[in-house]
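Chain naming follows the written order as A, B and C, and within any one chain the residues start at number 1.
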Amino acid sequence: MAPRYAPSLRSRLAPLLLIMQMGFIVVYCFYTEVKSDEKVDGSNFSGFYPYFQDVNVVVFLGFGFLYTFFVRYGFSGSGFNFLVAAMATQLAVILNGIESWYYRGKIMINLKSIVVAEMCTVSALVSIGAVLGKTNPVQLILIAMLGVSGFVLNKWLLQTLLKVQPLNSIMQLHIFGALFGLVLTWMLYRKGSVQGFEKEKPDRKTGLFSMLGTLFLWILWPSFNSALVEDDIPGRRLQAVYSSYLALAVGAVTTAAVSVLLSPKGKLNLIHMQSCILAGGVAVGVSILSVRQPCEAMTIGFIAAVVSTTAFGYLKIHMLLAFQCHDTLAVLCTHGLPSLLGWLAHLLLRLKDCDDQTMAIRFAVFHICTLLFTIMLSLSVGIITGLLLQLKFWRPPQDHKCFDDQAFWEFPHLAVHK
Amino acid sequence: MAPRYAPSLRSRLAPLLLIMQMGFIVVYCFYTEVKSDEKVDGSNFSGFYPYFQDVNVVVFLGFGFLYTFFVRYGFSGSGFNFLVAAMATQLAVILNGIESWYYRGKIMINLKSIVVAEMCTVSALVSIGAVLGKTNPVQLILIAMLGVSGFVLNKWLLQTLLKVQPLNSIMQLHIFGALFGLVLTWMLYRKGSVQGFEKEKPDRKTGLFSMLGTLFLWILWPSFNSALVEDDIPGRRLQAVYSSYLALAVGAVTTAAVSVLLSPKGKLNLIHMQSCILAGGVAVGVSILSVRQPCEAMTIGFIAAVVSTTAFGYLKIHMLLAFQCHDTLAVLCTHGLPSLLGWLAHLLLRLKDCDDQTMAIRFAVFHICTLLFTIMLSLSVGIITGLLLQLKFWRPPQDHKCFDDQAFWEFPHLAVHK
Amino acid sequence: MAPRYAPSLRSRLAPLLLIMQMGFIVVYCFYTEVKSDEKVDGSNFSGFYPYFQDVNVVVFLGFGFLYTFFVRYGFSGSGFNFLVAAMATQLAVILNGIESWYYRGKIMINLKSIVVAEMCTVSALVSIGAVLGKTNPVQLILIAMLGVSGFVLNKWLLQTLLKVQPLNSIMQLHIFGALFGLVLTWMLYRKGSVQGFEKEKPDRKTGLFSMLGTLFLWILWPSFNSALVEDDIPGRRLQAVYSSYLALAVGAVTTAAVSVLLSPKGKLNLIHMQSCILAGGVAVGVSILSVRQPCEAMTIGFIAAVVSTTAFGYLKIHMLLAFQCHDTLAVLCTHGLPSLLGWLAHLLLRLKDCDDQTMAIRFAVFHICTLLFTIMLSLSVGIITGLLLQLKFWRPPQDHKCFDDQAFWEFPHLAVHK
């Protein structure tokens, strides 16, 4: 008979955390250098600092509270997201600095390098949305470490082999993260997910906590999209800000409309309002360097919201039944499809600006290669990670302990509602 | 027998949202232009960006979570506020730009124009506080659309006819919003409100969510008041910041004191602490261009808090019984009276500075006209909107579905507390 | 027989608040001046404003929501923190300005003076963590007033007598606050605390509210530590930011590891994740002027988290049983010990840089004197405050009303969960 209690993670989680953390400290001791007199992208330190904090809020608070959605999984949702993000960012700073270390012997640390690292972290946080509730923190940390490594590799290869612009390669994070997460959840398929897990639902209060995370993501998404936009051409960053803002505003309204249309009773769906309103921001983020007119941003936001909400309504359940792919927070619909749409928008907008047909075809081929490369790499890394995670060694939670904080958190004095 | 289920909004809400959103996209496509090389008020883009984000937090998160107060109305409170704000801001950008479109053929978009639009949106969000819980989202959107249009008209007329300074005319938003909301709730009077609606109460957790919204409003109110202060005279914006800050701090302490005094058992009242602590900020906001000394700001904050809390204790129930005016979140006490007080403070402070008696009288007459004009217009627009909303066509919720998310949100998997 | 109802605070709280608030207004009227053309630390107004807002969020929202931890004490936790902070900041601005008033006749107000005042307030908020739940708001206000006065006195004496740098003297706030709070809770010992109070526990939702406060503190701690760092040496503030950031990130990971190790079942403890993850930030804050390398910051963060979490696991209960010191939120473990560690790190890092042995010894003696002085003063002020608070005149809540909002807040319409 299976054990009633969740397996103890003491001998897995603690050593993993301590060894990795000490390793990071050693690397930072010997191989990093702080760039003191920095000029971040033409603007100065105090001008960039608010962006730095906005991205922090997105990563630690926005995603963390978005993941408190499930009724008995709030501590895990916010706590594990926080833990994973704190580790993955440290790793990403190191990985992003390997090239600089190779040439100059030191990894540079400044506000911008931390922001870039946090964006790499977001690619892992997106994938975690697909496996949330069905994994333990040890698995989540492995996913984050391997996901971030894969994404940094992808970014570096795109920049080196295909000469993709840095910002464009970073914005592939949505595509990479969504596909990586999908492969993982497909490989970690559990029988318990056919009917939905017993505790895989929100209540009134966790729905509001999740709304809080969503609103932070929504409000700060323009900062997220524009933080790394080079300010050498004046107004470039402003363009990124208002494009994201308008796409998000349009996306919010459109999501509500489609959500009501999809419902037989004509009601809104809270989870649509929490996930799909961000689709516009994701799509514009992927095409941020080509979107110039308000018109373009708003159209992208509109289409992204329609696609995302419709896919949420129909595709999520089909993915589970047809492909045995239980996508907890529907990252395919909220990050995957909108980012593909953004990729397409980027292509079309560039083609529109091309006068020369040869140039246009060349760009299209190049752009398709970028996408295929990212897809291929994310799938490969996903399969490797999935194989690793299938080991019983990591002690995954039993089906009836899925989506339950009780398996991972001490509740010595927890109050009982009488 | 009346239908048990809430009427479906599918055929009302979805077309309304889609048609308006598509209309906005078309207008933005053909008639807007982004001012790229902007200098926002003498400071640069990166200096203004934090204000932009602060105002965003006030509008989308602060008001949204303040409106999660009621025990079964949290999704609606935050969700509808969000939806309405996203639409009203898009509309307000267009309406504010009509003059520029008339002369130059294009509506200018920059960070400042979005912030101005969000302030116009706040006038509608204030009025929604008066009708919250008793209306459906279709009605809320109509209120917001007509409210914002009326407010922009008022602002434009004040600036054009009476030569009121732009910032002063924007700050009328509290007066306009409160009166507009009061007229609406008076015209939409329901029998069910005599004893208070069954679900018109908070619980421990929604009280805390609401506290969160309040704290965001309180902390970011100085940004809200100072965002549009022209920085041509150095220190002007600083003055606005500390005036608001001090008035808010004094208001917080005074509200607590008056709340304890009003209670027979000597207890604090949570809703006083959530609404009336902002009264000082509202009053100083209306008189922001005249308040110069800490002393003045603190006195205004003190009086505003006393008036607001006392009115909340006595006036709210009288408004309902005597005038059949069920002011859900007491916008009369929290925005109406404090803003009238701010208007008075503005007058007195200007008169104090006038040496010449003729000038003083002229200013007083002009200032009284401004107020009367705003009152008249808000009442007129309110009556028109109220007549429109009384139509059964909009399918308002039944009395027993008031203050209940169930009427508007799908709860397919909502967890039951056992 | 003891009264069943909590004693009314009407005749205590309201006069106290009103008299103090009016006193503040009078002082501000006659003795303050706004420095209009300020240059805050070499950077300008708009560069400093985001720091100002970040510190506001830390003080009013971060601590406030951290204190919503207990199941029936959420309104009090956030509400009293807010009330106390609003009063203490007003007082601290006055007290910090006494010297300026003595020489120039006016107390200067600008953004920086408010930020300094809020940091003094934090010393009082830390001490409140030790007595939370067992005191009434009148007592909390007295604690805050006397605590802030004591801390400002300590700061001034350190700066004047020992020539400690201003920032270093301010950062003693953690040591001062923790010890002051410990003395108070020891002097206010209650029999009811032996078994833990009936309601001294979180539930799932208050745990999440508290997590929200923690995340805000964690994210904005770098702003808190760096806000007052003089920017005369370029990159100095950047150094403070990334040192705090890295220490916090390392602290978060380490806390999780130690928390799992301490648990027999290998589970995480929520309250560790909420308190001890900040230990790294506290320790680096105290030694902010000496920490230069990422390596140093990370090591401090690592040790602080290990010490803090271990102490939380073992020391807290011993403090209660052996010394009758019921430290509600374990401020000894979360602020006391990490700040002592920071003090030690400051000493060691300075000694490491000293070439001359005489200089080294002189600095060590000076640094030890600083600590002893702070400890002595915090204990003295704590004993005086404790004696004052023991008076029955203040009507402390009965044991069975501890950790209960019902004693202080009106619940006229509070919804009952059926």
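Please note the rule applied: a residue touches a chain if its C-beta (ideal position, glycine included) is under 8 Å from a C-beta of that chain, and two chains touch if they have at least 3 such contacts.
Just so we're clear, the structure is a prediction, and the values are computed from it rather than from any experiment.
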Subject >> Turn needed to bring chain B onto chain C - CA fit, degrees, nearest 5 >> reply: 120
Subject >> Interface residue identity across copies chain A, chain B - same or different by half >> reply: different
Original post:
chain A to chain B: how many Å between their CA centres?
Top reply: 34
**OP:** Check each residue of chain A and list the ones that touch at least two other chains.
**Re:** 47, 50, 72, 205, 212, 417
Original post:
Where on chain C does chain A make contact in their complex?
Top reply: 43, 47-48, 50, 54, 71-72, 196, 199-205, 207-208, 211-212, 215-216, 218-220, 223, 234-235, 237-239, 241-242, 245-246, 248-250, 252-254, 256-258, 260-261, 263, 265-270, 273, 293-295, 298-299, 302, 417
**OP:** Using the touch rule from the top, collect the residues of chain C that touch chain B in their complex.
**Re:** 5, 8-11, 13-14, 17-18, 20-22, 24-25, 28-30, 32, 34, 36-38, 45-47, 49-50, 52-53, 56-57, 60-61, 64-65, 68, 72, 74-75, 78-79, 82-83, 86-87, 89-90, 109-111, 114, 137, 205-206, 209, 212, 405, 408-410, 413-415, 417
